[in-house]
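Each of the next two complexes has chain A plus one more chain, namely chain B in the first and chain C in the second.
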Partner chain A sequence: MINIEIDGKPVQAEQGSTVIDAAHQAGAYIPHFCYHKKLSIAANCRMCLVEIEKAPKPMPACATPVAEGMKVKTHSEMAVKAQKGVMEFLLINHPLDCPICDQGGECQLQDIAVGYGGSASRYQEEKRVVMHKDIGALISTEEMSRCIQCTRCVRFGQEIAGVMELGMAFRGEHAEIMSFVNSTVDSELSGNMIDLCPVGALTSKPFRYTARNWELSRRKSVSPHDGLGSNLAVQVKDHKVMRVVPIENESVNECWISDKDRFSYEGLNAPERLTKPMLKQDGKWIEVEWQVALEYVANGLRQIASGAGTDRIAALATPHSTLEEMYLLQKLMRGIGNSNVDFRLRQSDFSADGKYVPWLGMPVAEINSRDRFLIVGSFLRKDHPLLAHRIRQAVKKGAQACIVHSVDDDLLMPVQSRAIVAPSELVNSLAQILKALIEDQGSRIKDRGATPALSSTPRYAPDPQLLNVLKDVEVGSAAAAIAKSLASGERAAVLLGNFAQQHPQAAQIAMLAGQIATLCAAKFGFLGEAANSVGGYLAGAVPFGAGAQGMNAAQMLESPRKAYVLLNVEPELDCANPQQAVAAMHGADMVVALSAYKHQATDYADVLLPVAPFTETSGTFISTEGRVQSFKGAVKPLDEARPAWKVLRVLGNLLKVSGFDYDTSEAVRDEALAGVDVAAKLNNSLQSVPILNPQSSILSGLQRVADVPIYFADAVVRRAASLQKTRDAATPCVVMHGSELRKLGVVAGDMVKVHQGAASARLVVKADDSLPAATVRVAAGHPVTAGLGGMFGAITVESISGERA
Partner chain B sequence: MLSEQIQAKINRELKKYPADQKQSAVMAALRFVQDEKGWISNEDMTDVASYLGMAQMAVYEVATFYHMYNLKPMGKHTLTVCTNLSCTLCGALDTVKYIESKLGIGIGEVTADGKFGLREGECMGACIDAPLLTVSNKKMCGRLTPEKIDQILAELDKT
Partner chain C sequence: MNKLINFFKSFLLLELLKGMSVTGKYFFAPHVTVQYPDEKTPQSFRFRGLHAQRRYANGEERCIGCKLCEAVCPALAIKIEVAEREDGTRRTTQYDIDLTKCIFCGFCEESCPVDAIVETRVFEYHGEKRGDLYYTKPMLLEIGDKYEEQIAKDRAADAKYR
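What follows is the complex of A and B.
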């Protein structure tokens, strides 16, 4: 620690920190624009000039490191004169349009100008004009003349988002922030640039001119999308959500949120919102009272239970539902006598059920301190934008990231080694890495030159059966390189993505990855697919655990039930096999859809119950790191919509299930988590899963690789108009290796027909030579591919002669 | 695509820098492109970006920052007349006017036959020879007079 003095007060500062850090720590405010604690130092706005004793001129506090005995004066005559001078220059070209500026009221320049600006300008000449540019549907650059060239947005792209999409072109008076030749800003974190912009140059396109900052009330909430559980401030005017901005939480989302978290609020007020309970009578939908609808549901379920049997009723929830909703859904199902309840809609391997409660395996913040990563089966950037950012920061500090996956999407960070293999080869790849590590460890121990990581952990003794199976595995060069990278680290992490968790051999993948983690003393974790992927397990919304064993999500759809209760589920988009799911819905006697939206359920459902999305209900999400975060409703439910926990409470009462007399959602949560030690429940240990022969079954045809596009992953974001205009929301293509295209006799840009089972879809084909041979990438979760079958497995592609898109 | 000659030149340049800092060669790479093509198109910038593993925007920043890169075709011979203080005091504005009337083009324009382009330049550090111009950034001609300009243009016209 270094002793310095700021405005006469003695302050202790860390060696290497800057004057502005020390001052802010000590509570002395120094005005600034370009400085941001999460970004590199640019020192180009000059607003933070301060007087430092013995320095002949004012120094920029953001770029001056502290030194022993330094005496800083932030408000001396010299400092203030310098700050006022800088302010005058900054305002020379800044338009005086605060009254019509969207940033007005939350503008750093406006605020600081009050303190440091003159009351009139001495500048009489013409101000410069910077033309607007179109950089996409999310960020408006309509008034670039307001830019003060702080370059925060540029540095954000380079340093946090990992891709430099904005830059400062030209020089001097002509310098402008722009993208390369009118290209759009496509980063999934781009919205943060709006927050970072200290003036009104970059503003939110969807929010512009819809409300003033001071008209909005801020309500705390939690992101319902990915597993991170970003802390949100939902800003409300006239009972309507106007926008969403981050709440800083260093251990979760730092000061960022992904564009999905930020802009999905548009979906909350989408025209497809379901606002009244509806019943289908004689093929026609009619609006009814809640009482009528709920009694209809209760009667229907009762009849099916007494007629066909309670096990003919099934309940599905999305992992975006709250803990309370899922808890009540399972309580209702178990109350009427079966355990057919599940939230793992896209999962296809349930063989490890009951053995684990998958979670991140470490606190989110610990990702930054890992030095080796093995990321297995993850569309990392799109599925977990901010976790990807944390890994990116770790890699920047010298960590090595290796990937095992079926696609090689650009992670916007250097990848040390990669094994890009067909889905059926995933298990084998992991077995190879495991074998390479075991051999490596053997030789190290022999050499007595063991690395600290290996010598400090107890010697790993693999299961004899495991060794026996691994005997026949041949270690390839990619696996050897990955093993070498992992073994050379001290704080590794092995992380399984959505693709690995949805894989038909998910349990084998997880078991092998777990063994790899044990062997390199690594943290082992699952990147949670959705906001409540952990919460679903703790709520008991799974067919095992309490009571008799029920059917899992796949079984409920494979062997159709008579009645389905859908909690926020859109089976055509949310399930592993939409073809099968929709067939099951059509075949059922009764489908009850609790949904915030009118969706395709109007085709097959009998009752639509309007439930509230996350902003209109209180609830709890348990994030992928096991963080229990409760939130309150930010606005009243729209029209007749009601929080799903209340709907389920009434249903429970109507069906005479005991213990459904809750007054608040907090009471539900407290009951759900009563006596539950969340941390103790979370468990990734899959050692007891027996290993199967990882030799890949040689599949003759093509295999599907399916991602869920970022803006189609849940019901709210699917209806967020601006996000739907971004590149990430483009209509899915069929992507194959160039050689596979030649085999089919098609070229990129042609229309092709893809078949899975009886269904087909016509899509444009694209070439991507980083895909493994014999794989076809077709996104799931999108209306145009909703007719297809499973996310994994065989798929055929047929050329439609000569048809171009 | 960058031509083989350009790639070879860039490769030579890259040897001067650490392997993980390929972008250090960006200015040289842009110069090679301009030497070959006379100007640098957006496609060329994209090619340079992918060749050096840097963001397109970062290449664009460099190309637009430095005055000597032509971002549009500037004729076979680009005449850049310095109009900074020393040259202007010595009559650079008259020089510009004379060349403009001689070629029938203004600053930033190219003659119809594509032979000559005219640009305004920044100080070239040779004020002793003011007023001066450069021919395609390679050859400097100083102490300009109308006669000398006629002579320069006539010589260039022949090539």
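What follows is the complex of A and C.
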């Protein structure tokens, strides 16, 4: 610690910290623009000039490291004069028309000009004008003339988002922030630049001119999208969500949120919102009262239960539902006598059911301190934008990341080694890594033979059966390199992404990955797919556990039921096999859709019950790290829509299921979590899963690799107009290795027809030579591909002669 | 004795003369009563009467929808909605003043950075229903167009004090 003095007050600062850090820690405010605690130091705005004793000139506080005995004056005559001078220069080219600027009222330049600037402008000459450029659907650069060249946005791109999409071109008075020629800002974290911009140069395009910040009331909420559980401030005016900004929480989202969290609010008031309960009668939809609709549902379910049997009823929920909703749904189902309830809609391997409650395996903040990563089957950047950012930060500090996956998407960080294999080879790949690690450990123990303590107590003794199976595995060079990287670290982490969890051999993958983690003393975790992927297990919205064993999501759709209760599920987009799901829905006698939106369900549902999205209901999400976060509704439910927990509660009463007398969602939560030690329930241990021969699953022909595009992952974001205009929301293409295209006789840009079972879709084909041979990448979760079959498995591609997109 | 004096005084009509002298004094004094509506009292150029929205000489409305008047209004009488117009400028889509709420404090006028919302000298207006006093943007612009000359003169007269 170093002792310095700030404005006469003695302050202790850490070695290597800067004057501005020390001052803020001591409660002395130093005005600044370019300085940001999460970004590197640029010292180009010069606003933080302070007087330092014995220094001949004022010094920038953000770039001056503290030194023993330093005496800093932030309000001395020299400092004030310097600050005032800088302010005057900054305002020379800055338009003084705050009233029309969208940043007005929340502008650092405005605030600091009032606090530290002069009262009038002496500048009479012409101001510089910067023409705006179109940099995408999310960020408006309409007011680029307001830029003060702090370069926060540029540094954010380079350092946090991992890709430099904005830069400063030209020099001096001509310097301006722009994107590369004809390119847009496509980062999935780009919205944070809007928050970072201290002036109104970068503003939110969807929010532009819609409200003033002083009109908005700020309500706390939690992100309903990815598993991180970002803390959000939902800003509301006249019972309408106007925008969403982050709430700083160092242990979850730091001060960032992904664009999905930030801009998906547009979907909340989309025109497709379902606002009244609806019944289908004689093929026509009619609006009815809640009472009528609910009684219709209760009667229908009762009839099917007494006629065909209770096990002919099934319930599906999205993992984006709240804990309360899922708890009541499973309680309702178990109350009427079966356990056919599931939320793992995209999962296809359920063989490890009951053995684990998958979670991250460590607190989110711990990711930054890991030094080796093995990321298995994850579209990391798109599925978990902020977890990807944390891994990126760790890699920046010297960690090594290795990936095992079926696609080689750019993670915007250096990847140490990678094994890009077809989906059916994923298990084999992991087995190779495991074998390499066991061999490596064996040789290391031999090397250290001189130390008896080490040789006699091996760190890990693999199961003999496992060793037997691994005997036939041949370690490839990629696997060996990954094993080498993992073995060289001290604090490794093995993380399984959505792709690995949705894989038809997910249990094998998880078991092997778990073994790898044990072998290198790594943390082992699952990157939760959705906001409540952990909460679903704890709510009991799974077909095992309490009561009789029920059917899981796949079984419910494979052997169609007579009645389905869908909680915010869009089967054609949310399920592992949409073709099968839609067929099951069409075949059912009764489909009850609790949904916030009118969607495809109008084709097959009998009742549509309007339920509230996350901003209009109270609830709880349990994030992938097991953090229980409750939130309250930010606005009133739109029109006749009601919180889903209330709808399920009344349905429980009508079906005469006991124990449905809740008054608040908190009461539901307290009951769901009563006596549950969340941390103790979370369990990634899959040691008891028997190993299968990893070579036994080789498919012939082409295999499908399906990602869920970032802006199609859940119901709200699918309807967010601006996000749907971004590059990530483009119509999916068929992507194949160049050699596969030549085999087919097509070139990139041609239209092709992909078949899965009886279904087909016509899509544009693209080449990507990083894909493994014999794989076809076709995104799932998009209306264009919704007719196709499962996310994994065989797929055929047919060329349509001579047709180009 | 007093009784006797009062008796004679009453014959001399002294009280009457005293009263008449007041009457006489006011009869010849200059008149202060204004015969409204035939006559009007003088008004300051800062008079705060009916609101108006002004335009620039080229016909463009002045208001840029900054919402400062809405924020400053102590009676919450102003309601503004803003959107981007086709030409990319920030404009109001709704600008309402509820004159039944308004307390004519003049803060809106004072906060306006472009002198768009002003209070005119007009105070002779009425509504027959409560809703009649809910002035919308077209109504306010119309008032502005009608009294622009006077408004401009008043702003000019006040300019040196601002």
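Everything below uses one rule, namely that the second predicted complex is superposed on the first by the 793 of 805 C-alpha atoms of A that agree within 3 Å, B and C clash if a C-alpha of one lies under 4 Å from a C-alpha of the other, contacts with A are read in each partner's own complex, and residues count from 1 in each chain.
FYI, a residue touches a chain if its C-beta (ideal position, glycine included) is under 8 Å from a C-beta of that chain, and two chains touch if they have at least 3 such contacts.
None of these values were measured; they are calculated from a predicted model.
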Item to check | Partner chain(s) touched by A:259 [first = chain B, second = chain C, both, neither] | outcome: neither
Checklist entry - Taking the superposition as given, does A:212 touch the first partner, chain B, the second, chain C, both, or neither? => result second
Item to check | First, second, both or neither for A:171, with chain B first and chain C second | outcome: first
Checklist entry - Does chain B (first) or chain C (second) touch A:104, or do both, or does neither? => result second
Next on the checklist: After the superposition on A, what does A:142 contact: first (chain B), second (chain C), both or neither?
Outcome noted: second
Checklist entry - Between chain B (first) and chain C (second), which does A:181 come into contact with in this model arrangement: first, second, both, or neither? => result first
Checklist entry - Just chain B (first), just chain C (second), both, or neither: which does A:163 touch? => result first
Next on the checklist: Shared contact residues on chain A, chain B side and chain C side combined as an intersection?
Outcome noted: none
Item to check | Complex contacts: residues of chain B adjacent to chain A | outcome: 42, 45-46, 55-58, 60-61, 64-65
Checklist outcome for this item: Within their complex, chain C touches chain A through residues 64-68, 70-71, 82-84, 88-90, 113-114
Checklist entry - For the complex, which residues does chain A have touching chain B? => result 158, 163-171, 179-181, 183
Checklist entry - Which part of chain A faces chain C closely enough to touch in the complex? => result 97-100, 104, 142, 208-212, 214-215
